[in-house]
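Shared between the two complexes below is subunit A, which has subunit B as its partner in the first and subunit C in the second.
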Partner chain A sequence: MQIDTMIHIGDWLFLLEGAGVTIALCLQAMFFGILIGLIVGVARTAKTRVIELPATAYITIIRGTPLLMQLFIIYYCLPLFGINMPKFLSAALGLSFYTGAYVGEIIKAGLQSVDVGQREAARSLGMVPWQEFRYVVLPQALRVIIPPTFGFLIALVKDSSLVSIIGYVELTRASKLVVARTFRPFTLYLAAAVLYFVLCYGLSRFDVKYLRKKFSASLTGT
Partner chain B sequence: MGYTIHFTEVFPYLPLLLKGLLLSVAITVVSTLIGTLAGLFSALASLSHYLIARKTANTYVEIFRNTPLLVQMYLIYFGLGQFGVQINPIPAAIIAMTLNTGAYTTVIFQAGIQAVDVGQKEGGLVLGMTYPQTFRHVILPQAFRIIFPPLVNQAISLFLFSAVASTITVPELTHQAMFVDSVTWRTFEVFIVTTCLYFACTFLVSILSDLYERTRPAR
Partner chain C sequence: MIEAREVQKFFGSLHVLRGISLSVQKSEVLVVIGPSGSGKSTLLRCINGLEAINGGEIFVEGAKVDPHSRDVHKLREHVGFIFQRFNLFGHLTALENITLAPRLVKKMSNTEANEVGLRWLTQVGLSDKAKTYPAQLSGGQQQRVAIARAMAMSPRALLMDEITSALDPELVNEVLEVVTLLARQGMTMIVVTHEMGFARNVATRVVLMDEGKIVEAGLPSDIFDNPRQERTKAFLNKVLTH
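The block that comes next holds the complex of A and B.
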């Protein structure tokens, strides 16, 4: 094996920059995904079918089709209908819709985990539906919602590598670009894998060491 | 804008797309079968008394669960080329998908095996069964009830992510869709039809697994 003198320090910095883009992309997708998920998740628990059905359809379709196809449709098909947007927006939009469906399902499960007696008690105390949701249901549901949502964020970091296929330069695309010039595929994809590993493993350690402890404590503490 | 939708132009290519779908299903089924078996043994190793077995299994799981399938495929297909090892696209995709799903199923099996009450294991051993017999006849059947739904979910998820095999030129559904797009220029129609094909498969599998869970005898 040749030692990789071909790869300059600038190339390594380029990879790190790609990792930064991946983080930024995931944070944006997570932010908008949680907003979408909140709407869809609450709609999923609605008793009115007109509200519940579109939300269920949305979640079922997104979770039943490949993320790659969703990205292709947003990136290649929307411009056909006159909707042009920069690559970053296509990537962020695709990942946000994707996140929204998964987080929506988590939120729905969290809301349903709150005992119906809690809602009834809130009502009998004279709370209006908004107060009931804000002060009684949501605080209890959040304990169930936060751990799996964080788990999804870890999955999202890996899944975000798919936006490299529509040409958006994040970590995977950055390593691919350097490979094209240096012909060192193993070294560079391994470096990309190590960076992904550091991100995901770090997040999962945080999850195990801090998040779960905190949430299991709050479950028994009240 | 002047884009009119013509689904009819895609229809002549439907057999080609179905051929791609068949390959998508095939690589997923092969990877799932081998990967699940690997996951079972890796879970046993991770729960064993041997430190080396535990460490090896846990390292395998952490490495493959914390890196993207896409990068794993690139490493196997393009990366090994750096050492003069050239693997064909389909085997490369299957190797990557098998190793990937093996790591995820390890965690599923671990949780399932640990969920079975320890008294069941002790009961089996007390009756004079060896550990492998206890595992095979007492623990695994009970664990299977718990892990069936997550195993099906993992298989569906692997099927959806098999689309990334198109990037290493495996002629599966997504790859065929890109080809049909390049000859017909009906981008929207091709991708909608392709998405529907993927959806039909995952929907069918989730309905079948629900039916199976509902009809199988209770404990």
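The block that comes next holds the complex of A and C.
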């Protein structure tokens, strides 16, 4: 029997499909992660202990343990307690909570960077707390929040390769599978790396070209 | 329209206000003078509910000031506050700074708010700076925008907390002129200031505070020319002779 070491068009498509899964996985982790981050970030700045403490505990635990362990716990340990979920959900959940902790801490720092005088001015004009937050604090905090958040999200795209460990087929796992059949590690891993690069580069261009321009306008006054 | 009764305020163990009582009538300009740390600014912040008091009561137009109540924002809608450090919203232009609260709080339409905003910018002499961001304005200009921002809410009273202390000397007058104009138009104000000449010009009544108490209160002519208390004399000697 002969081993087919050719890389077929189907293999390339399989790789691209993996990249698509990575994108989907990251997009949802970004969406839910930022949502969680917003909640715990605001909770971290709360003066009430009962609100602040759980948020702090969550951030400390997630940031203090490897993502790999978090994925293992969700995928292997939760079923022991009768909680079973599909691989995509395990992977998505793990990455979302992971993102939430880091983004939460960035958001907290961003909110605290806004001078207390800004809040007082808003309040003295009769604004209610949510108006003060939405129209005065948040827009100014975003300027501080966006750059490190994108730094984290770019790292997240690469970290998402870890979910291949629990057998979920995304870009890294897809390339491994094709390598296993074709014995062409160099070509395939290089291709996978190029695909990761394209994703990360796109993300950083979006940040620099679009978001930073949008939110720094008032700083430079243009 | 503003009344304080036996107001007490602590910052931890520090006793900042030790039984302050005062009342301000409509169209009155009460100027509060006194050394640093005497509690002047704290008193203003308590009147606007930016700080909670630990004893006594404060009333604005008959309504009790309570920073923990749900209605405290309604009170603030009617009492403008001008800060020492301007506190203009850094992400908004001068005009947007002025129109934000009228739009959000008073539910004005954009057109209406812009009209009011431009009118007040013109009043403070900055109609050409509508689209300028705070970072590009001088301190004096920023403070004038801050005054316009407070006035655009049509407040019934203005509280001014050392509004020229953060300004370069040559920029002080342009701000004080605006305030003097408002006082002439009958705006009710409580003004904390270190500018004695201005205090004398603009005040209908002067209060001297020291160590959290009111040392002396009276007409500007009485306080500045014939102070009765030794403490007042000592303070005025210090600030007027340099």
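Convention: the second predicted complex is superposed on the first by the 202 of 222 C-alpha atoms of A that agree within 3 Å, B and C clash if a C-alpha of one lies under 4 Å from a C-alpha of the other, contacts with A are read in each partner's own complex, and residues count from 1 in each chain.
The rule we apply is simple: a contact is a pair of C-beta atoms (placed from the backbone, for glycine too) under 8 Å apart; a residue touches a chain by one contact, two chains touch by 3 or more.
What you are looking at is a predicted structure, and each value in this text was computed from that prediction instead of being measured.
**Student:** Based on the shared subunit A superposition, would you classify subunit B and subunit C as clashing or fitting together?
**Tutor:** fit
**Student:** A:51 in the overlay: touching subunit B, subunit C, both, or neither? Say first, second, both or neither.
**Tutor:** Touch status of A:51: no partner.
**Student:** Would you sort A:211 into first (subunit B), second (subunit C), both or neither based on which partner it touches?
**Tutor:** The answer is neither, since A:211 touches no partner chain.
**Student:** Identify the partner contact of A:124: answer first if only subunit B is touched, second if only subunit C is, both if each is, neither if none is.
**Tutor:** A:124 sits against subunit C, while subunit B stays out of touch.
**Student:** Can A:179 be said to touch subunit B (first), subunit C (second), both, or neither?
**Tutor:** Touch status of A:179: first partner only.
**Student:** If we overlay the two complexes on their shared chain A, which of subunit B and subunit C does A:35 touch? Say first, second, both or neither.
**Tutor:** Neither: A:35 stays clear of subunit B and subunit C.
**Student:** Now for A:135: first (subunit B), second (subunit C), both, or neither, which partner does it touch?
**Tutor:** It touches subunit C, and subunit B stays clear.
**Student:** Decide which partner touches more residues of subunit A, taking subunit B and subunit C as the two options.
**Tutor:** B
**Student:** What does the superposition give for the shortest Cα distance from subunit B to subunit C, in Å?
**Tutor:** 24
**Student:** Where on subunit A do the contacts from subunit B and from subunit C line up?
**Tutor:** Shared contact residues on subunit A: none.
**Student:** What residues on subunit C touch subunit A, complex-wise?
**Tutor:** The touching residues are 48, 50, 73-74, 76-81, 83, 85, 87-93, 100-101, 104-105, 132-133, 135-136, 146, 149-150, 153.
**Student:** Residues of subunit B touching subunit A in their complex?
**Tutor:** Result: residues 1, 3, 62-63, 65-72, 74-75, 78-83, 156, 160-164, 166-167, 174, 181, 187-188, 191-192, 194-195, 198-199, 202-203, 206 of subunit B touch subunit A.
**Student:** Give every residue of subunit A touching subunit C within the complex, in rising order.
**Tutor:** My answer: residues 115, 117-118, 120-128, 131, 135-136, 139-140, 143, 218-219, 221.
**Student:** Mind listing the subunit A positions that touch subunit B in their complex?
**Tutor:** 1, 60-61, 64-70, 72-73, 76-77, 80-82, 154, 158-159, 161-162, 164-165, 172, 175-176, 179, 183-187, 189-190, 192-193, 196-197, 200-201, 204
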